[in-house]
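Structures incoming, each one as structure tokens.
In what comes next, subunit A is part of two complexes: it sits with subunit B in the first one and with subunit C in the second one.
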Partner chain A sequence: MGAPHGHKLHFHGHSWLHRLPAHVKLVALVAFMLTVVATPRDWYPVFAGYFLMLVALVAISHVPPTYLAKRMVVEVPFVVFAALLPFVATGPQVEVLGLSLSEQGLLGAWGLLVKGTLGVLASLLLAATTEPGALLAGLERLRMPPLLVQIMGFMIRYLDVVTDELRRMHVARESRGFSARDPRQWPVIAKSAGVLFIRSYERGERVHLAMLSRGYDGRMPR
Partner chain B sequence: MHVPDGFLDAPTSVATGVVAAVGIGLALRGARRELDDRTAPLAGLVATFIFATQMLNFPIGAGTSGHLIGGALAAVLVGPATALLCMSVVFLVQCLLFADGGITALGTNIFLMGIVTVVVGWAVFRGLQMVLPQRVSSVPAAAAGAALVSVPVAALAFVGLYAVGGTVDIPLAGLTAAMLSVHALIGLGEAAITFLAVGSIVAVRPDLVYGARRVLATRSLVLRTAGR
Partner chain C sequence: MSVPVLDLQGVAFAYPDGHQALHGVDLHVHQGERVALLGPNGAGKTTLVLHLNGILMPGLGSVSVSGLPVTKENLLEVRRRVGIVFQDPDDQLFMGTVREDVAFGPKNLGLRGPELERRVLEALEAVGMAEYADRPPHHLSFGQRRRVAVATVLAMQPEVLVLDEPSSNLDPASRRELADILRSLDVTVLLVTHDLPYALELCPRSVILSDGVVAADGPTADILGDEALMKAHRLELPFGFDPRFASRP
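Take a look at the complex of A and B:
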């Protein structure tokens, strides 16, 4: 259960990192994260190095650190999970503040936290410095199948339209005195989901017809 | 919740990435059959719908709430191949634009919450459809069954992956029990909401529901004259 989505993470800017082609940034992100994941978790100085590298990149990008910090909330679910690890993992126990914790679990929680946090920070930086359109072009250059690029393009284009529709339905429900407290209200919310599907699907059909009338033949013009 | 970076080791992440890529490759062919040249705009809008539905919170009580994963729901609404494409694109966008789910765990997330829920959901749906009466009204029930089974199976698949490539030793029996009991509950919620949502769509536009097409094709026109 992730944190709420719905705001664009892009931070407008003209830094060197902003101007770098998206496919280069994507490949760099994947390579960096694979390296991080493969690094043994007790190589503490190496993780400090990774972190400093990201901090340097943030500084170059001119994205305010507070902007990124606010968006780090997506990592809350796995921080909770990491906090539980020392209590459930097996192996030799250590005494910390009067609590008996698993040594393996503590190390595991550290590994999960540091790798996960590096991942979230690196992904946020990519999202903050790359516009969705550039990202699509980058994925296309990296040979992602064209149909998948098109689907993703439509999704990004209509993301705000559909989520706004959902918000209007929410406002309409609330303004009629509806308030969701427990499962007795599920039928109403599920009906909203049903209506949203019908509206989205019909919008898709209209978009398709509009594209056909402009000469669409299964490929996107450049 | 999405699997973050560093949760599973690198070989497991790469292996699930390959499985996800193969699954998407097969789905790309299948979607052409389900939607022909309408694939791109329609799958795009359905992906947006899935994304939005995951933002729709269902209150459980005591201030907590949950949301749908939507794999089984998508499979019933638009067919398994298109559903798989939509789910994959949703995870890709969540990973790249919202930093939700690690980039190295993208294959794992697509495999667990995309491929497993869609394939299992669709298989259960078709199985139930053969058993239940051939009526439009049994489509929501079959969809609910699909949602109910798909969530715990995805949790089991996660435990399986964790046994192979987990980075911390947790007693597997305990992990299995915890994951299964929690996800059985989540599955119940998913089933209830899928039932209600599919029911509301089938009541208004049964022609849009991929899983209802077979039943609609066999339905014949009934003329009812008034007063007799």
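Take a look at the complex of A and C:
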């Protein structure tokens, strides 16, 4: 089981940023993302400004930078894609370290990288300073349809249960000599994914029965 | 005699895949009784439990709760009267905090405000979990989650509490704590289990369900003491346990 506080992305604290109402942070995050995306990618000093702003917020929040850095790995697929761009894009070429690269591609890669990194960092900071429950309440205050908020609530609630199940299946597989390195065994992974899906589906049905047993009629009581 | 809290007459049920799980079950449980429903795996115990509050409807026969027939029209009242604690607390606890979860049932009954607050707190106090009200359920230990699951139905002030395998996966201390809680409650209990010492400890009367029919009904000590009967229904006492010498509180 997890730590007594919050979720895996949440970093417990009492800073000003932690205490700011969740809906304010949500709106700020969306506004920030839109601004970043709309900024032309060759306004280099402006991006430096965005970055400094985030660094200042991280400092205020007392979340250790290494804590955020570790969680930045979700960005890796984008980094790989961005790194490919200068090689595959067409147009005028430039010489960098003896390699002939597309100018457009380089600029595109830069834009993708800097905007992606700013967005991921800002989102992680929100997750680190806001309890999942508060986040849901914030969404509700922002008039998100209650059904969607409910579904997200269930998702948070059962994330641990499902990842636990996933881990147990993984341990059970490995204990019987399975190795994910051997491609001949990959079909087994696909089958376990199927089993996990069915188990989760059946759990959903059991949860629904338990809800009905306590008088649930399809609408969440307010 | 008074109107039984649970009254099942000839309840038969087949699952959609054709598997006949119940073959005509007759069972009466009266107010204030604590009855154990014993049976091996696959006997149809859980299937029977799902009939008590109309999750499943019998193909033949009838179910009534304190005289109220279990039909589509009466579902909400039936579900208030019959509180079911399911086998896996993770199925039962689905809200963000313990407090919200315990409030879910009474809210569905229309309770709000201070009355709701009081119900939630009383239920949590009855299972000794009041101090955990604001914790997310998935951060509690298994035994604590089982106790909160009991609170979620207690908060609906049921006439009968039905527990499906409540002692499974509990360590001995949690098992005993749950027994103490169940004994302290002033409510009719149907305890579904194959934990025979637990049945003897908590329930003066036992019913054996086997292959979808009631195979025996009588005082728990007599039933557990009848070796031929027990053997015939795949019920085995734990090594070294002799019901004749077990002391009862």
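One rule holds for everything that comes next: the second predicted complex is superposed on the first by the 208 of 222 C-alpha atoms of A that agree within 3 Å, B and C clash if a C-alpha of one lies under 4 Å from a C-alpha of the other, contacts with A are read in each partner's own complex, and residues count from 1 in each chain.
Following the convention adopted for this analysis, a contact is a pair of C-beta atoms (placed from the backbone, for glycine too) under 8 Å apart; a residue touches a chain by one contact, two chains touch by 3 or more.
Because the structure is predicted, anything quoted here is derived from the model rather than measured.
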item	value
Which of subunit B and subunit C A:166 touches, first, second, both or neither	first
Superposed model, subunit A: greater residue contact from subunit B or subunit C	B
First (subunit B), second (subunit C), both or neither touched by A:153	both
A:214 touches, of subunit B and subunit C: first, second, both or neither?	second
Which of subunit B and subunit C A:41 touches, first, second, both or neither	first
Subunit B versus subunit C as contact partner of A:203, first or second or both or neither	both
Shared subunit A surface residues [contacts with subunit B and with subunit C]	1-4, 132, 153-154, 156-158, 161, 203, 207, 211, 216-217
Complex contacts: residues of subunit A adjacent to subunit B	1-6, 8-9, 26, 29-30, 33-34, 36-38, 41, 71, 74-75, 77-78, 81, 85, 88-91, 104-105, 107-109, 111-112, 114-116, 118-120, 122-124, 126-127, 132, 135, 145, 147-148, 150-159, 161-163, 165-166, 180-183, 185-187, 189-198, 200-201, 203-205, 207-208, 211, 216-218, 220
Subunit B - residues contacting subunit A, complex	1-2, 4-7, 9-10, 13, 24-25, 28, 31, 37-49, 51-61, 65-68, 77, 85-86, 88-90, 92-104, 167-171, 174, 192-193, 195-201, 204-205, 208
Interfacial residue positions of subunit A with respect to subunit C in the complex	1-4, 132-133, 136, 153-154, 156-158, 160-161, 203, 206-207, 209-217, 221-222
Interfacial residue positions of subunit C with respect to subunit A in the complex	50, 53, 55, 76, 79-80, 82-84, 86, 88, 90-92, 94-97, 104-105, 107-109, 135-139, 141, 152-153, 156
